[in-house]
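Everything on this sheet refers to the single structure shown next.
In order of appearance the chains are A, B, C, D and E, and numbering begins at 1 in each one.
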Amino acid sequence: MIANSTVYADGHRLHVDAKADDLTGIRKAVDAGQPGEFVSIGLHEPDQAEMARVAKVFDLHRLAVEDSLHPVQRPKVETYGDMVFLVLKTLWYVKESDKVEGGQVALFMGHDYVITVRQGAGFDLEGVRHDLEAQPDVLGQGPAAVVYAVCDRIVDVYQRIVSALEDDVDKVEAAVFSPKPADTSKRIYELNRDLGTLRRAIDPLRGPMEQFAHAEIKGVSTDVAPFFRDVADHLARVSDAVNSLGNMLSGAFDADQSRIGVQQNNDMRRMSAWAAIFAVITVFAGIYGMNFTNMPELKWSFGYPLLLVVMLVISVVLYRKFKKSGWL
Amino acid sequence: MIANSTVYADGHRLHVDAKADDLTGIRKAVDAGQPGEFVSIGLHEPDQAEMARVAKVFDLHRLAVEDSLHPVQRPKVETYGDMVFLVLKTLWYVKESDKVEGGQVALFMGHDYVITVRQGAGFDLEGVRHDLEAQPDVLGQGPAAVVYAVCDRIVDVYQRIVSALEDDVDKVEAAVFSPKPADTSKRIYELNRDLGTLRRAIDPLRGPMEQFAHAEIKGVSTDVAPFFRDVADHLARVSDAVNSLGNMLSGAFDADQSRIGVQQNNDMRRMSAWAAIFAVITVFAGIYGMNFTNMPELKWSFGYPLLLVVMLVISVVLYRKFKKSGWL
Amino acid sequence: MIANSTVYADGHRLHVDAKADDLTGIRKAVDAGQPGEFVSIGLHEPDQAEMARVAKVFDLHRLAVEDSLHPVQRPKVETYGDMVFLVLKTLWYVKESDKVEGGQVALFMGHDYVITVRQGAGFDLEGVRHDLEAQPDVLGQGPAAVVYAVCDRIVDVYQRIVSALEDDVDKVEAAVFSPKPADTSKRIYELNRDLGTLRRAIDPLRGPMEQFAHAEIKGVSTDVAPFFRDVADHLARVSDAVNSLGNMLSGAFDADQSRIGVQQNNDMRRMSAWAAIFAVITVFAGIYGMNFTNMPELKWSFGYPLLLVVMLVISVVLYRKFKKSGWL
Amino acid sequence: MIANSTVYADGHRLHVDAKADDLTGIRKAVDAGQPGEFVSIGLHEPDQAEMARVAKVFDLHRLAVEDSLHPVQRPKVETYGDMVFLVLKTLWYVKESDKVEGGQVALFMGHDYVITVRQGAGFDLEGVRHDLEAQPDVLGQGPAAVVYAVCDRIVDVYQRIVSALEDDVDKVEAAVFSPKPADTSKRIYELNRDLGTLRRAIDPLRGPMEQFAHAEIKGVSTDVAPFFRDVADHLARVSDAVNSLGNMLSGAFDADQSRIGVQQNNDMRRMSAWAAIFAVITVFAGIYGMNFTNMPELKWSFGYPLLLVVMLVISVVLYRKFKKSGWL
Amino acid sequence: MIANSTVYADGHRLHVDAKADDLTGIRKAVDAGQPGEFVSIGLHEPDQAEMARVAKVFDLHRLAVEDSLHPVQRPKVETYGDMVFLVLKTLWYVKESDKVEGGQVALFMGHDYVITVRQGAGFDLEGVRHDLEAQPDVLGQGPAAVVYAVCDRIVDVYQRIVSALEDDVDKVEAAVFSPKPADTSKRIYELNRDLGTLRRAIDPLRGPMEQFAHAEIKGVSTDVAPFFRDVADHLARVSDAVNSLGNMLSGAFDADQSRIGVQQNNDMRRMSAWAAIFAVITVFAGIYGMNFTNMPELKWSFGYPLLLVVMLVISVVLYRKFKKSGWL
C-alpha cells in the first residue's frame, strides 16, 4: 500500500497535482522542477506488483527490492550505483507478553527521491513526516533529511524499549534480593532473549550509521552528517545500556544461584538440628522401652518424671547450642 | 564421475557436439568460440585419475586439485595465477539422528571455464543448473554466475538447517520451563555440537564471500558483485542466527540448572517437613512405650484416645505451619 | 546559572569591566584584545533560555547545545567547524548508600573561548579554576589548558572512587575467607554494578583523550598534548584497576560458591555420622523392646547394664572412626 | 650432533666430496658452485661448541643461535639481515601417559643454506628429507623448499595429535552420557591441558606461516608461496579443530555437572520416598507399642493381622503414588 | 639517593674525575668528550629535591619526573622531544606470604645519557651494570644498551616468578586430584590475584617493547633492535605462560567443583543405603514391640532367634545390593 507521496523543495511541501499513486507523473514533475526538489514516497507492506511498479519508475535494483519485501533482513547499508539502500529493524514492546517484537523499514535514497518501505506494525511514519515538515532547515538538506528523521525515530524507540527493560531488570533484582526469593530463572531467560533481539537490531546498524555520520555515503553532505552523528551517538548509548543490562542480569542470576545455595545450606542445618534433638529423645524412650527384667530405674517411682525432665533439659541444651552456632 | 559438462554463451546453453567426457574437445570448442563462451563442468566424487585428466586439460594447480579431492578442507578462496579456487562446506540435517552432517564443494573458476567438484551427498547441483539457466541475465555474467548460483544454494541450505535447529531450541526451551522438567542436558549438548558444525562451515566463508562481494576476486565484475553481496548478507544473517541460538541454549542451560537447584531445595523442604511431623508422633509413641512402673497417664482410661487426639492436633498444627511457610 | 566568566591572557587573569552575565561584552573585549586572550565561562545546570543566549553569542551548534543540557550523554568528543565539543561523566561515591552516582560536564572549546556546562553535583569546578590560575605556564596554553584541567580533575575523582571500591572489595574478600562466612552475594552484585557505572564513564573517554594526547584535536598544540597524555595515562590506569577489581570480585564470588559447597558437604557428613550413631543405638533398643516370650537375654540380671555398655562402646568406636575419617 | 649435511642443485642431491662435518669446505663448494646450489644441514641437540662452529661458518646472529639451543622458545619468525630464523614447536602424543609433550625445531634460512636444529625427540627429519628428494620440482625452489617440508611435516603431526585427542573427547562424551556416569573431571582437565599445549604451539605460528604464504619473507618466491599457503591452511584447520574440541569438552563438562545435579535430585527423591514409607509403618508400630492400660485394639483377636494389612495397604498406596509422581 | 653515575665510551667504562654527585661536571665532561660517550646515572628512591637537581641538569620534562617519583605508574613509553621515557614494573615473590609484590623502574634515555630511577626493593641494578660492562659489544651501542639490559633483567625476573607460580599451580592441581581433597578455593583465589599482578606488569609493556624491537624509538638503532626483539619475545612467552596458568587454575577450579558435587552425591548415597538397612531392622523391631494380645509369633520359642536371622539376612541382602549398585 502506498501510504503517501509528497514532493518537497527547499525544506517545504509542494502542492503537486499528481495523485498519490501516479508515480510516473510525480517523478516527471520532480525532474522538471528546480534543483533541490525531491519526492518522498512511503509504502506499507506493499505487494509484489505494487513494489515492481515503484522499482520500474525509480529504476531500483532487483536485489534491493527483494530485500525490502522480506522482513528478515539484518540492518545494513548498500550502494547500487547512485542509489543508497538502507535497512533498519523496527522494534516494539508488547506489554501483554512482556516480549520485544520486530519489523523492518527499508529506505531507497536517490538524489531526488527517497522511498520508505515498512514491514510490520509499531512504527509511526506519519509522525516522522509531520515532525520533519516542522523543521524546514533540516528538511532542506534533501532526501538524506528524511533518512535521518526515520533513523532518529527508530533509535528513539530502541531507547524507550531499553527503558522498559531497565524497569523489568530492576524488578528481577528486587525479587532476587527480597527475603522471600521467587523463581526468577524464567524471567531472566526472557529478558536475555529480549536483549538479544535488541542487540541484533542495534549492533549491525552501528557501522552504517557511522558511515552516514562521517559523510561517507553518497548524498550525505557535511551539513547533514552531524545529525547522523547524533543518531550514531544515541545508538552507541543504547548499545551500552543493553550491554549493561545484560551484565546486571548475569550478576543477578549469579547472586540468585548463590542465595539458593546458602538457603539450602541453612535449611539443611535447621533440619539436622531438629533431627538431632528428636533423635536423642527417641534414644532415651527406646532404652526405657526395653523389656529387661532387671532395669532398676523402671521401678523408681520418680523414674518417669525424672526422665521427662532429663529429656527436656537435654533438648533445651541442644536447642541453645544449635541456636548459638547459627544452625537454628 | 563427471556429472555433466555444458557450454554457455551470452547466458544461453549451446548445443556443442562434444561428448560430456571429451574435455579436450570441449575446451578447444570454447577457445575457438566467441568471447563470452565458457564451459561448466560438474564432477561428483571423481577418482584420482579422472581428476588428473581434468586438471591436465584446464591446467589446474596440484595443491588445489588435492584439496578438491579431500573433503576435510575448511572454506577458503585462493588464487593460482588466473584461476580462482573456492572451497565450501555443504551441510545437511539428518532427521533420524537429529544431527548435522557435511560434505564439500570445490570450485575452479577460470575466464572461460568453471569446474565444480562435489564430495558427499546432500546438495542438488542439477537443480542449481536448471535455476540458473532460467535466468539468462545472471548466466550471461560468465563463470562467476555459476559460482554465485552454487554459493547461493549452499547458503540457502544453511538457512534451512538453522530454521530446523530453531525448532529444536524451541523444544528445549519448552522442556526447561515445563512444570515437569526433563533432563535436557544431552539435547543441549547435541545442539551445541551442531551449532559448532555450522559455525565451522559459515565463519571462515564470510571473508571469501566479502571479497567476491567487493569484486576483489579476478573474474568477478562489478555487475555480478551485488549478487555475491546478497550471498554474503545471507551468510551474515545465518551467522547471527547461529550465535543467537547459541546464546539461547546457554541461557536455557543456566535456567535449567537454576530450576534443578530450586527444585531440590523445595523437595528437601517438603521432605524435612514430613520428617518433622513423623518425628514428633514417634517421640510421643516412644515415651508411652516405656516400661516405667509409675506412669500414671498409662492408667487413665482416656489416656490412649487423648494421646491420639494430641498427636493429631500437633500434626495438623505443624502441617499448617509448614504449608504457610511454603515448605509443604 | 552562569557560575563565573573570566578572561585570561598569557596565563594570567585579566580584570575586564564586563559583568559576569554580559557575554556579548566579554566576547567583544576578547575579540578586541591581543592574540592569546580567551574567555572561560562556567555554567551550572543552566536553563534552556540561558544556554540559548550563550549559544547565540558563541555560535554553538544546536545538537551540541542539546547534548550539554541532557546529562544522559556518554563521553565523547565532536568537532563542529572550528569548535570542539567534549562530554565527560562526573562521578561521586555516596557513602550512605555505598553507591556511585553520576553527572556530566560538557565543554565547548573555540580558539578564544572555553565554556563549561556542568549537570549534577559532586564536581568542584571552582577548585579547578584556582589550581589552574596558580600554574601560569599551563594556563598560557589557551583554552585547551582549561579543558585539560577539567579532565585531569574528573579523572582524579575516578581514581579516588576506585580506591574506595578497592577498600570495599577487600572487605568482601575478608568476609569470604573468614571462618564464619556471611552472605556476600548482594555486596558483590552492588560492587559489580558500581564497576559497571565506572566502566561506562571511563571506557568511551579513552578514545577522545588519546586524540587530545596525540594533538589530533583542533586547538591542542604539541606543547599542551603531553598534559593530556598524562590524563590518558591516568585513565588507562583507572581502567586497569576497574578491570582488576572486576576480576577479583569474580574470583571472590567463585571462591564463595566453592566454600558454600564444601561447607554443605561437611555439614552433611557430620549430620550423617551422628545419625548413624543414633541409628545403631535405636536398633538395639528396638530389638530388646520386642515382646517375644522367649528372649533369654531379657532374663539375665546383668543384661541391661551389659547392653548399655555395648551401646556405649559401639558409639565410641563409631565416633572415633568418623572423627578419623574427617566426617566429625 | 650434526645429523646430516647435503648439497642440492636444481632439485637434485649433489655428490660433494666434503665430509659431513667439514662445514667450511661445504660452504666453499656451494659458493664456488652454480647459482641455485644450496646446502642443507641438520643438527640434533648440538652442544654449545658444535653450534658455535656452525654459527661462525654461516655467520649466524648470536641471539638466534641462543634461541636454537634453548627449547622453551615460542614459535616465531625473525629476520637478521639476509638470514631468516624460524622456530617451531614439535609435539608428540605419549600413549602411556595420555599426555602431549613437546620439543623444538629451529631453522636458519639463507640464500644458499638452510640449517635445521632439532631439540627433543619425536620428529623424523630423515623422513622429511627423503620425501623432499622425491619431489625435485619442489626441492628446486631452494632453501625455502626445505623449510616448507619441515613445516608441512610438523603441522601434519599436529593434525594426527588432534585426531587422537578427538578420540579421547569422544570417550569422555560417551562416559558423560552413559547411564552409569563416571567421574570425568580429571580426564576433562587433562584434555584441556593438552589442548592448551597444542594452542601454544599452533596459534603463534599462524602469523609467520601467513607471512610465508604471502611471500613476505626474504627467500620465499611466489612459486613456493602456495605450498606455505597450504601449510597455513592446514594450521588454520588444526586450530579450528582444537577450538572445537575445547568447546565440546566445555559442553561435556557442563552436561556432566547438570547430570550430577539431576542424579542427586533423583537419589534424594527416591530416598525420601522410602523414608516416608518406613516412617508411616514405624509410627503405627510405635503407637501400638505403647503401654496404655486401655487400648481396646490390642485386645481384638484380629487386631494384629488387621494392622499388618493396614501397614501393607498404606505402603503399597504410598509406593504407587511415589512411582506415579516419578520419585521412585 | 644517587646510587652510581658512570661514564662510558665505545663500550668501556671511563675513569672520569667527576664525583658521583657532581652531575653538572659529569654532563660537561660528556659534552666535551668524543661522540659515543654517554653517562649512566642510577637513583634509588630519590627525594623531590634530588630528582629536581637531576631534572635541571638533563632538562627532563616535569610530567616524566613526577611519574618517576610515584610508583603507581603502569608500564609505558613516552617521547618528550629528544628524550625517551620508559616506565617498567619490578616484581618480586615474597616467599613468606606467597604473594607477588611490586616496585617501579623509570628510565630517561637521551643521546648521551641514561637515568634509571628505581622505586621499591627487589631489583638488582648493580648486577645489571656489571653484566653489561662484561659485554662491550652491547654496551658500545650507547644509552639504548643500558635500557636493554634493565628491561632484559626485569623480564627475566618475571620469568622466574612465573616458574614459582607454576610450582604453586602444580601443588593446587595435585591437591584437587588427590583422594583426600582439601579446600583449594583460597589458594586458587590468591594465585589468580598474583597472575593479575603479573598481567598488569606485562601486558601494557608489550606495546613499548615492540616499538623498541622495531627500532621505532628515537635512539634505538637497527643494531640494538634485535636485543629488544629478544626481550619482547621473552615477554610474549611470559605472557603466554601467565594465560596458560590462568586457564589451568580455572580448569582446576572447575574440576574441584565437579569433584565436590560427585563426592556429595556419593556421601548421600552411602548415607541413604545405611539408613535403609537400619530402617528395615527398626520396622521389624517396632512391629514385634507392639502389645497386641494375639501375636502368635511372640509365643513361638524359636520366634526371637528366627527374627534375628531374618533381620541379618535382609541386612546382608540389602548391603550386597547397595554394594553392587555402587551406593556403598
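Heads up, the rule we're going with is that a contact is a pair of C-beta atoms (placed from the backbone, for glycine too) under 8 Å apart; a residue touches a chain by one contact, two chains touch by 3 or more.
In this text the structure is predicted, and so the values were computed from the model without any measurement.
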Mutual neighbours - chains that touch chain A and chain C alike: none
Smallest count of steps, each to a touching chain, taking chain A to chain D: 2
Other chains in touch with both chain C and chain D: E
Equivalent-chain rotation between chain D and chain B, CA atoms, steps of 5 degrees: 70
Cα-centroid distance, chain A relative to chain B, in whole angstrom: 26
Distance between chain centroids, defined by C-alpha means - chain B, chain C (Å): 41
Contacts with two or more other chains, residues of chain C listed in rising order: 257, 261, 264, 268, 275, 282, 286, 289-291, 295
Going round from chain A, first to chain B: chain order: A, B, D, E, C
Chain E contact footprint on chain C (complex, rising order): 173, 177, 226-227, 229-230, 233, 236-237, 240, 244, 247-248, 251-252, 254-255, 257-259, 261-262, 264-265, 268-269, 272, 275-276, 279-280, 282-283, 286-287, 289-295, 326
Complex interface listing, chain C residues touching chain A: 61, 63, 72-74, 76, 78, 80, 180, 183, 185-186, 188-189, 192-193, 196, 200, 204, 253, 256-257, 260-261, 263-264, 267-268, 271, 274-275, 278, 281-282, 285-286, 288-291, 295, 297-304, 307-308
